[in-house]
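Two complexes, one shared chain (subunit A), two partners (subunit B, subunit C).
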Partner chain A sequence: MTDPRLSRPSRPWAARGLHPAVHELAAALRAGAISRRTFIAAASRLGVAAPVAAAIAGVWRRAAAAEPAVPPPSPAAGGTLRCSMNVKEVSDPAIFDWSEKANVVRHMVEPLVRIDAANIARPWLAERWQASDDLKTWTFFLRRDVVWSNGDAFVAEDVAFNVRRWLDPQTGSSNLSRFAALTTSVATGKTTADGKPVTSTSLAAGAIEIIDDHTVRFHLTRPDVSLPESFADYPALIVHRRFSEEGGDLTKNPVGTGPFRLAEFVVGEKAVLVRRQDRPWWGGSPRLDRIVYLDHGDDAGAQLAALASGQVDCNFRSSIEQIDTISRIPGLKLYQTTTASCGVARMRVTEKPFDALAVRRAIQAAIDHDEAQRLVFRGYGAPGEDHHVAPLHPEYAPLPKRRRDLERARQQLSDAGYRNGIRLVIDCVASPPWEANVCKVFAEMLKPAGIELAINVLPGATYWDRWQSTPFGFTAWAHRPLGIQVLNLAYRSNAGWNETGYANPAFDALLDEASGIIDPGKRRPVMDKLQRTLQDDAIIVQSTWRPTFMAAHERVHGLVMHPAEEHHFEGVWLAAS
Partner chain B sequence: MALYALRRLLGMILVMLTVSLLVFALVEATPGTVAMRVLGPYASEEQRQLWLAANGYLEPAWSRYLHWLGRFATGDFGASIRYRAPVADVLWPRLGNTAVLALWTLVVLVPVSLVLGVLAGVREGSPLDRLLSTAAIITTSIPEFASAVLLSAIFVFKLQLLPGTSAMTDGFDWRQLVLPVAVLVLYDVGYVARMTRISVAEVIAAPYVRAARLRGLSWPRVIIFHALRNALITPITVLAVQVNWLLSGVIVVEVFFAYKGFGSLLWEAALNQDIFVIQACAMVAVVVTVATQVAADLAHAALDPRLRAPAPADR
Partner chain C sequence: MGPLPQRLRSPSVAIGGALVAFWIIIAVAAPAVAPFPPNATLQPFALPGAEFAGGQRFWLGTDQIGRDIASRLIWGARTVLLWAPIATLAAYAAGIPLGLLAGSRGGAIDAAVMFATNVLLSFPVLVLYILIIGTIGASPLNLVIAVVFAGAPGIVRLVRALAARERTRDYVAAAYTRGEGVLGVMVLEILPNIAPTLIADACLRLGYVIVTLGVLGFLGLGLPPPDPDWGGMINEARPVALAFPHIAVAPCLALVSLVLGCNLLADGLRDDRR
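Moving on to the complex of A and B:
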């Protein structure tokens, strides 16, 4: 069956209702100012369906091949795909905090927008979207052929219910930060122990407008260029409008729009998804009969042992330490991709000694990013530049390469009053091991500059208790499709996930400006300033863009490794063994 | 005997109360942690405070302790944060799985170690004794994590004979039990065999055994009917302690083979700060430890009349 998203008649790119910036983007593409990939990503954010954007760019076929939504010719139907992955608690997508959770239920409940393996936003439950010129009003047009597994039609109220719920602080959803442009903060009249006023953040009045059953409009309090990407993130899976009334638990009441239904779920053990039988899925017919996730605990070796002995067909993630072993096991295939996920050694600027800019600069100056990349990831991935915007991001501005400068590091340390050196402690998690490995490499690099770095390796849960408050910590950040998203989440003053305590009004103003520019080419000069500001203020050492790996048996086909480790198994099929 | 048992039971309750206080104090000291676990690392402070208030975490600690103890005594261990289900629903099946693993380990361990121990003990100093003693020292000195890797490398990766993990997600599968049981038996068999050997050797050298032999009884008869009853007192006590080890000390093996037992439950609960599960696991582990200790003492007393005799009168 042909994927209806691709068989939809292509609208001419100059058709009515197209965002004016698309014309400029097309001109920039023709002039060679931006890449085809950048064009497709930017145009799809403006509401142009990705295939249409690709057609405009003249690379329709290539884009469609980037992630085959339709299985390759003559694939086998049926079978069970078994994947080794932690099976975590998945009752409520709104409060998901791990991609593993979303991987289980994404085959049952779906997002409005999907980021594909090429890092491009594609229409999913929303067939297209449109932004106003000021990027403060966004209209999402929903697919009309989507039916919930309980027989209800998928309508605008479903979307409105979800957004209202995400942005209610009682829900506890991280979407409250992600969709900050839809919220307002009001003073509660209370103060914290240290005398700061306590504010309450929730959905702004009139932010959601239901135009009709299949059209919903969002009125933002400030421009947000990444709204479609926010709708693609893992806690933004859309549940049924009566989700809360009907118990608020997907495992007990598995109602969804997707191609599979959660048939069995035991947290910590397994999740079984069975192909939907009630009616055909709007996206066509998946080949697999069942998807089974099996939990082999937190020991990476157990996952590999399960793969080697054929107990599973693929795994969620393999570590860099395992890739040699995988390549030696007959019948196994290694998948690899470079992501915009990374680890950030971030310094809390409100805590001693990191309140001194010279100390932070000394630390940065002593690090050799290329060498760190080589030592930790054996050359896979890419070196970082201390500003948390990845070369993979469409708006990335190339800056002069950062070089290790021990002389400067010692001088900065001396300027800060630490002539005899300084002893520091960095917190990091025990697993995955690469995070502590980066810290070890840093410790060695810092030594010649007179900085003794002790590494405090903690269990994940303990680290996440203090990730925002520890003076010096190594935090892993997930892949996000746009650089601007990360900067808004992590470095804007008082942002929900601002772990450095960084507060720079000039930076915030630049961030506002960048967030209002849809064209990555035009956004790039502003990004240049943002990236330089972050480098100059030296609040993070960000050395590596992480490669990710997974392994699967050769009998598994149609598997594409996603930069955010999302599973899109509706296109996967198994060869007869 | 009844008084002896009662005294041991009262002591057991006292130990448990003390441990419950310690467990509660250790785990509940930081209420922020609970909200963080439930809402995830990225929730805002406002969201966390709302959750803490809604779930009674702002009550004073002593009041929460009494509530918890009261509920605990009636079998209500609270709800797991990670599993979003009553702890009892998670704990009992996991404990059952570990009991299965422990049972099969004992089924192999007891006959093998006793037979080897007796064989070595009756001919102390013989080549067989030396061979068994050396082998026992070697296997006992290899920790479980090392032998698990070794056995996996051979039987899973090299020979591809056995499944690499033992999650048993599709029901009981004896093949998945082979490696975990093998690792546990390998680690423990040497210790129990050596304890048996010492005990047997000691009894064999006793005058009453020589007397029985001098009366013309055959060796097998002397060993089976005269020596073993006394010689087995020590191994039985040792085995009772192994039950405790098999229930709460097998974390390494369960985690390595992804076996869904009590040990891996405790390990995951600790990693995820699943407070009520940690509390329940700790209490269960204490019950098991103290109960097996009491059972061992009682068995010992039953086998050895000297232990349950009233204290001798003044002479």
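Moving on to the complex of A and C:
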């Protein structure tokens, strides 16, 4: 069975017309909530060709008349791109836990699959892949023109070595849960303090089969539709098959398949990558000579100051609070994208008073998602829908819009026995500020429904100690390319990151069904049921689908903002000054 | 030092008193004078003077989630003018008896009290606040406890020094000769004589406590959101201050004016016109 992710044009929804989010964007454009430029950019990311997007926006003629074609600036030969970003320890990709780490070395070691800026999994070191009908056998066909910087050919053994290493518990890689379908758990004979048996999870016997030098097959213990996306995640960058023997440290032994080589590296200071000179990179020839990452600490203000003063050409991330400042600095350009990352005010269904469905529904009914988006994210991003599947997920099923209903909220609260209102406390982290801001806005929205919400702002470490046990907490969730991934992680009964205590066998069965459908279009009807179930069971109040921002000087070209903030600088070039 | 009524007529007292009185009136009349509820989210990043639906104006603009800054300042004045005096008085309530005891008795009691205060004073104040609030959590009562811990040792030392000076005066010896007890001498004889200095010190210290509450709010250790407190408002404004300085400037000016008022009042009260 060929994965629709590989079809060209590989927009899964192309055959069925426009992506559903395009209709919402068009509605937002009509309502004046977004600009035409934003509409065209966002629609293009969703697979709509620019002329079509412009036609939808009704501006094709006017735009042509109003904006005379500007000839593109001539590119500088080579050049150095300097980026302000935290420079963290990067010796071993398998144990990466920050996207900043992967951004440094992704230009040197590459993944089998890459998620592009439109959130679609694209072939990278693997030129294509194929899944069996039961989604339990996946075959990856590797590119034949890839050569390591030490002269070795890139072969199936490289991939097998990496997967074996990720799934060795000794490595300590988060890939162990990402590739759980390739593992088995065995009892160790030991028990925990409370008498539960201790199991050890590792690579299942016979899970990896090397067919030939450029073909590797994976035999899964259960269907997993998201295997290609897992291979695209940042701890899944492929290192050389002798990585461990040769010291296991990329900074000391920078062998890679990518277009750049790590030349200089100091944690907390800088990382310098220079274009590979030994032979042409398989993907073509990047324009830049060097990429330099400079660490200006955690203060977003310091990073912006470095950008404004010309010390760097771009930054890793700008906050919503900075976008006005950026727009006032001449020569700077703001990049923005909407992601599938968000925050959820999640209620633990095993704790009072959230064990009462009516209380949870009262809270949901009192929230105005559009208003929260306007207030906290100034209209950027997309409103949450309380089911944690994003409009940019390929399998997203559009449901009727959530509307605030205070009458219903008060009725639900009264049904739950809280006729005179209720006082609740929500835990949230102090930084980044948008999380507490969402809670403050929610608190105001809940007030007229008779719900007094106190906000307990905690240091990050304290919150993450209790994020799975607190009765009411606000948790930020990262971007994931598929909707099914986050449902499996957070809402399946007893899942590792199930923070709500939600356990619904009917939901799990639907999740199994959806996880076994490779075509997002065919998965959508099942997603519709899953999304409705989560809304009806009211276990989360979801904030806005977050917009992310970065800024760069106008001389930087070819920069594309990625929903997971990945840097793909091989296509970037600088204009000649 | 001149007599208290004379000192009350100094220009410092007039200006300081007017500033403090202004904020007290604002705080008391908050429900009547605040144009909007302090936590209502209306329109983000409105500039000072911007008009809102219904002809109302955001006189000082709004913050990043659309709350009216003027209304938050007005309601925030209540917070600061309630808890800063309570915390200051509590610190005095703890510091005066210990200082009087140590100063008027001397000996082993004095040595023990001084040792304890020296230990507490050897901690940097900010570290002490962070330790206390970090351990017991942020709430109005806990802020009072923190201020008492950090502020009382200084008061003990001041009262002890003043009491020790008075102890050798003739009127104290006379009181003892009359047969008054230690408690009577401390409370009825020594305390009234050191009161003017303590009142001036209290005004100054009130200013410090207001700044402290602001600093704690700025560090995220102040009163829990969403109710306004000035330090917290400055902290929240920090990320946007470059583009929208009005959000940070307004609570800073409010804090400065109130602290200045307290300091001028203290200056005037201890004005030496000999």
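Assume the second predicted complex is superposed on the first by the 477 of 577 C-alpha atoms of A that agree within 3 Å, B and C clash if a C-alpha of one lies under 4 Å from a C-alpha of the other, contacts with A are read in each partner's own complex, and residues count from 1 in each chain.
The criterion applied here is as follows: a residue touches a chain if its C-beta (ideal position, glycine included) is under 8 Å from a C-beta of that chain, and two chains touch if they have at least 3 such contacts.
Just so you know, these numbers come straight off a predicted model, no measurement behind them.
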On subunit A, do subunit B and subunit C fit together or clash when superposed?
fit
Could you tell me if A:376 is touching subunit B, subunit C, both of them or neither one (first, second, both, neither)?
second
Per-residue touch tally on subunit A - higher for subunit B or for subunit C:
B
Who does A:301 touch here: subunit B (first), subunit C (second), both, or neither?
both
Return first, second, both or neither, reflecting whether A:321 touches subunit B, subunit C, both chains, or no partner chain.
second
Tell me the contact category for A:270 with respect to subunit B and subunit C: first, second, both or neither.
first
Once chain A of both complexes is superposed, is A:457 in touch with subunit B (first), subunit C (second), both, or neither?
second
Check the superposed model and tell me the shortest C-alpha distance between subunit B and subunit C, rounded to whole Å.
7
Do subunit B and subunit C touch any of the same residues on subunit A, and if so, which?
301, 304
In the complex, the residues of subunit A that touch subunit C are 300-301, 304, 319, 321-322, 324-325, 328, 371, 374-376, 378, 430, 433, 436-437, 439-441, 443-444, 454-457
The answer for subunit A against subunit B in the complex is residues 88-89, 91, 95-97, 169-172, 174, 176-177, 198-201, 249, 267-270, 292, 294-299, 301-302, 304-309, 311, 329, 459-462, 464-465, 467, 496-497
The answer for subunit C against subunit A in the complex is residues 39-41, 44-45, 64-66, 220, 224-226, 236, 239-240, 242-244
Where on subunit B does subunit A make contact in their complex?
30, 32-33, 36-44, 46-48, 50-51, 82-85, 90, 149, 152, 156-157, 160, 162-165, 167, 169, 255-258, 260, 264-265, 267-268, 270-273
